[in-house]
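The following pair of complexes shares a single chain, chain A, combined with chain B in the former and chain C in the latter.
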Partner chain A sequence: MKWYFTLLKLRLTQGLQYRAAAIAGVATQFFWGAISIMIFATFYGDASEVNGFTKEQMITYIWLQQAFLVFIVLWLRDKELFELIRTGNIAYELCRPLNTYGFWYVKLISSRLSSAILRCIPILLIAVFMPGPYALALPNSAISALLFFLSLILGLIINVAISMFIYISVFITLSPTGSLLLFSVIGEFFSGLILPIPLMPTWLRNFVMILPFRYTGDLPFRIYSGNIVYSDALFGIAIQVIWIGVLLTLGQAAMKKSLKHLTVQGG
Partner chain B sequence: MKLFLKYAKMWLKSQLEYRTSFILLSIGQFFVPFFVFIGMYLLFERFDNLAGWRFQEVALLYGSIHMAFSISEALVRGFDSFSSLVVTGDFDRILVRPVSTALQVLGSKFEFTRIGRLIQGSIIFTWAIINLSITWTFLKILCVFLMVIGGIFIMSGLFIIFATMSFWTIQGLEIANIFTDGGREMSQYPLSIYAKSIQKFFTYVVPFAVVNILPLNYLLDKPGYTSWTYAFIPLVGVLFIIPSLLFWNFGVKHYKSTGS
Partner chain C sequence: MIEIENLSKAFQVAKRKKGMFSSFISREHETVYALSDLSFRMKKGEIVGYIGPNGAGKSTTIKIMSGILVPSSGSCEIMGLTPWQSRIEHVRNIGVVFGQRTQLWWDVPVIDSFELLKDIYKLSDHQYKRSLDQLVTYLDLSPLLHKPVRQLSLGQRMRCEIAAALLHEPSILFLDEPTIGLDAVSKIAVRKFIKKINEERGVTVILTTHDMSDIEALANRLILIGKGKKLYDGDLKNLKESYVKSKRVIVDYETSSQDFSLNGCQIISQTSERAVIDVNLSENSVPVLIQHLTSSFNILDIAVETQPIEEVIVNMYKEFSI
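After this line comes the complex of A and B, so read on.
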């Protein structure tokens, strides 16, 4: 267990080296958030709420999406891991006395954590102090804040568990481009990054509920703003835990299977 | 011009060598923005209109900016990935050849997989034109096509400007995405829906307005925009390339090699 934390710490310090990239990322995400809010707010017009989703909740939702973007998107990739598979260096990786799935999982989750820590604080700070109607609201209540934090972390665990499948698929395809594209387009749409889930038509919302993607961002952000009541929030968190169990088990099994049939590339 | 076509042909051939990968990437380029369009459609279905703008009108803007973006990304890609030439010092080699530097950098990379996005944009563009209730005149037809052409030049100008900056910064500027990708996302909707400061910036500094709200108002005969001169306003976008190229030449003069 100790090596997990050592690896996590190592990755965090490594990620914190790229401060210039983080600043650029913050600026881009901030612009993106502002533009999206203006578009959605114009659509709202005089209406104060749509499908029980108020304008203030929508604005908070968008800012949180931008602040915690690295917890939701699937297109973030670890070039090192892809190279390992492509070049055949995976052979050395398998010699390590560690569970490969666990090792890669910790690698991925720590790089997301380090980049979120760098980015979320400036975005949240600026968003809170935005002029009147565009400001990020504070959490609905202390309990909301607590539940938000819990479901955000569970969401991150789900997100990394999904992205593990992209890496596993590369064992078969050898090129990450295809699966990366497929996963990221589908994941982005069904996690509410393009259109917030509460604004979707009913039939689509029902469909989204049965997929794991909305549990990475949509659920925690709506808990934060009080759009989801406590009992539903707890229910959502329970579903998150179930998804984590399912995805981790399937991922481990898929990894084991593809490692068994692994052809080491290169020579 | 002849050299440009030769460069383009060469890159097309080389990219078609990996046929499956080429087709897959093109399909991906089709679907990535298509989901954004679905999002837009669902919003219009829910809200009916956007501050008085109708779906077809916004779809026209969407189609035209995506066509412009994909064409310029396909052809001007060399500038987009230019910073790597500076990092490796390979730009030195370009300087000693007896052809203009801009042309050579242009020829250093073409990205034909953008055809997917282009097809996607064209379909929506055509759909919007057919379904818009406009009495078409020759000038209006001309204006619609100038919108795409103006957009190509604005986007290309932006790629060139940010490539030039890498003479000083060496590394590529991630912040450029605000103007290129951000400008594209923003121009999918009429600029009038954004905050005043953003509108002003994207009218007077980076002139996205001349391929967006201004010609759209003309096409729809909005009061105050009926003069025939508005049909030619997208040409201002073409002029944007001039300061961009001047800045490029200024940058080339100040280039200090990093090579070894």
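After this line comes the complex of A and C, so read on.
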């Protein structure tokens, strides 16, 4: 078995030990989703759409955000990796015959996958069976579902590549607090977690388009709800692929540079 | 097998000034040398004890040799590879244990960590089984394999750590304070195992420690460093011969009030029944002292103590002022 599958399995086993955390997460996200929907529904008032974004699409968008929250947010911290750098246990990581960037990347992506598996299904199930207008709609079409799935996974890859920079910055700052806060506030806003991107004013929407953050959550959810036509969806997916290339290359280079000047903490 | 030539490592350390804001505004840096001009060689199958006081540069050397740190200057070749240049190839040849850290996954059973290592090092099922079986037998791991690491005692965990470092059957083993914090029984078990693995697999071992009995039990060669410089390189016997300068004689005799003096002998304490005497070996010898004692006292018992190796080392530290 390849090491990354073993790592994923290990993460899953580890994640399953924290069932209470998963249940708490499901509850929080469910209520957060419900409250957001109520607030935005009030803003919609009698209007059935804003900027071409219908109320049903908005509701679906919010439910998907909550269900796949661990795929989008940047504040999800992997304590183990931070500790590794802070305490100097990174010494062991570097004794392995693996590319460190790749090793960490797989660690991060598998911890996100393992917590998503525990959380997304209950939220999606409850959301589907919500009363009438507040329910999560089914995907617009089979093609939408397929494109949604593809862009969701690419979005996860982008998000983990962005979060790698937080971990690399800890080599310099030795404390994750600052960069974590900075990245998560910026990321949260520009990926549409606070205000769904279709609801933003045009100038802001244009600005958001040139950043990588919206490609983690906004794009897949709008593909799902049919807010984006197929040709635009394909174009968005192409941009996702470009971002992946850029972020991975930059991340690898930054990591290489940090490791060269590495100081192992604690003797 | 290991060739280290003029290795130096400098760190930039930010000086923290007193006060709240001064270090916020500007920082001064100073250069600290963890290693300067270190050279030594090792042959295959050797066990070398690498000692020195805290902060001498022992761990830095180990980290450079494992490809974790990049030195400021100098060269290091291990099995034909420069560790920091061909890190990935190099680390397949080495196993490392940092006594103060853990490489096992805290919340999962030990065996899961081992299986991950199996995949990371791309071991075949056959190779893994052979290696694991051997390690499980030698280190008596079978009751521990299915326990989560957090439930293990320090001694048990250290045995698992050592096994983890040797799963991929490396030809070189770096042990950075493997016996730190262990009780006497676990220490002996670890030592026995290192000896065994050295004899059977022909593993070359570098061992850093503060426990001289580790060195006495294992190493035929000793390298002493202090402030990043090599101070002594040779075998333990030689070290004792050249640095043990006095022996202590404790003699019990029938009550006597006679005085005693002899060239090169210093009386530490004397009562009417017992005397403690230090013999300076460059000026006199133990047999001469005993002869002298027997002629003046009715001796009941005599004990001769050699300076323990710890004291020898402490004296060396003093001598080199480290």
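Everything below uses one rule, namely that the second predicted complex is superposed on the first by the 266 of 267 C-alpha atoms of A that agree within 3 Å, B and C clash if a C-alpha of one lies under 4 Å from a C-alpha of the other, contacts with A are read in each partner's own complex, and residues count from 1 in each chain.
The criterion applied here is as follows: contacts are C-beta pairs under 8 Å (C-beta built on N, C-alpha and C of every residue); 3 or more make two chains touch, one makes a residue touch a chain.
Keep in mind it's a predicted model, so treat the numbers as computed, not measured.
S.K.: Using the overlay on chain A, decide if chain B and chain C clash or can fit next to each other.
M.R.: Aligned on chain A, chain B and chain C fit with no clash.
S.K.: Where does A:2 make contact in the superposed view: on chain B (first), on chain C (second), on both, or on neither?
M.R.: After superposing on A, A:2 lies in contact with chain C but is clear of chain B.
S.K.: Looking at the overlay, what does A:133 touch: chain B (first), chain C (second), both, or neither?
M.R.: Neither: A:133 stays clear of chain B and chain C.
S.K.: Identify the partner contact of A:245: answer first if only chain B is touched, second if only chain C is, both if each is, neither if none is.
M.R.: In the superposition, A:245 touches no partner, neither chain B nor chain C.
S.K.: Between chain B and chain C, whom does A:92 touch in the aligned arrangement: first, second, both, or neither?
M.R.: second
S.K.: What is the value, to the nearest 10 degrees, of the angle subtended at the Cα centroid of chain A by the Cα centroids of chain B and chain C?
M.R.: The vertex angle at chain A equals 90 degrees.
S.K.: I'd like to know which partner A:13 touches here: chain B for first, chain C for second, both or neither.
M.R.: The answer is second: A:13 touches chain C but not chain B.
S.K.: Report for A:38: first if it touches chain B alone, second if chain C alone, otherwise both or neither.
M.R.: first
S.K.: What's the minimum Cα gap, in whole angstrom, linking chain B and chain C in the superposed view?
M.R.: Nearest C-alpha pair, chain B versus chain C: 6 Å apart.
S.K.: Under the definition above, what is the set of chain A residues touching chain C in their complex?
M.R.: 1-3, 5-7, 10, 13-14, 17, 87-92, 94-99, 260, 262-264, 266-267
S.K.: Give every residue of chain A touching chain B within the complex, in rising order.
M.R.: Residues 20-21, 24-25, 27-28, 31-32, 34-35, 38-40, 42-45, 50, 175, 177-178, 181-182, 185, 188-189, 194-195, 199-201, 204 of chain A touch chain B in their complex.
S.K.: Could you list, by residue number, the parts of chain C that touch chain A in their complex?
M.R.: 11, 54-55, 59, 63, 66-70, 87-89, 91-92, 94, 96, 98, 100-103, 105, 107-108, 112, 115-116, 118-122
S.K.: Show which residues of chain B lie in contact with chain A when the two form their complex.
M.R.: Going through chain B, the ones touching chain A are 21, 24-25, 28, 31-32, 35-36, 38-39, 42-43, 45-47, 50-51, 171, 173-175, 177-178, 182, 185-186, 189, 193-195, 198.
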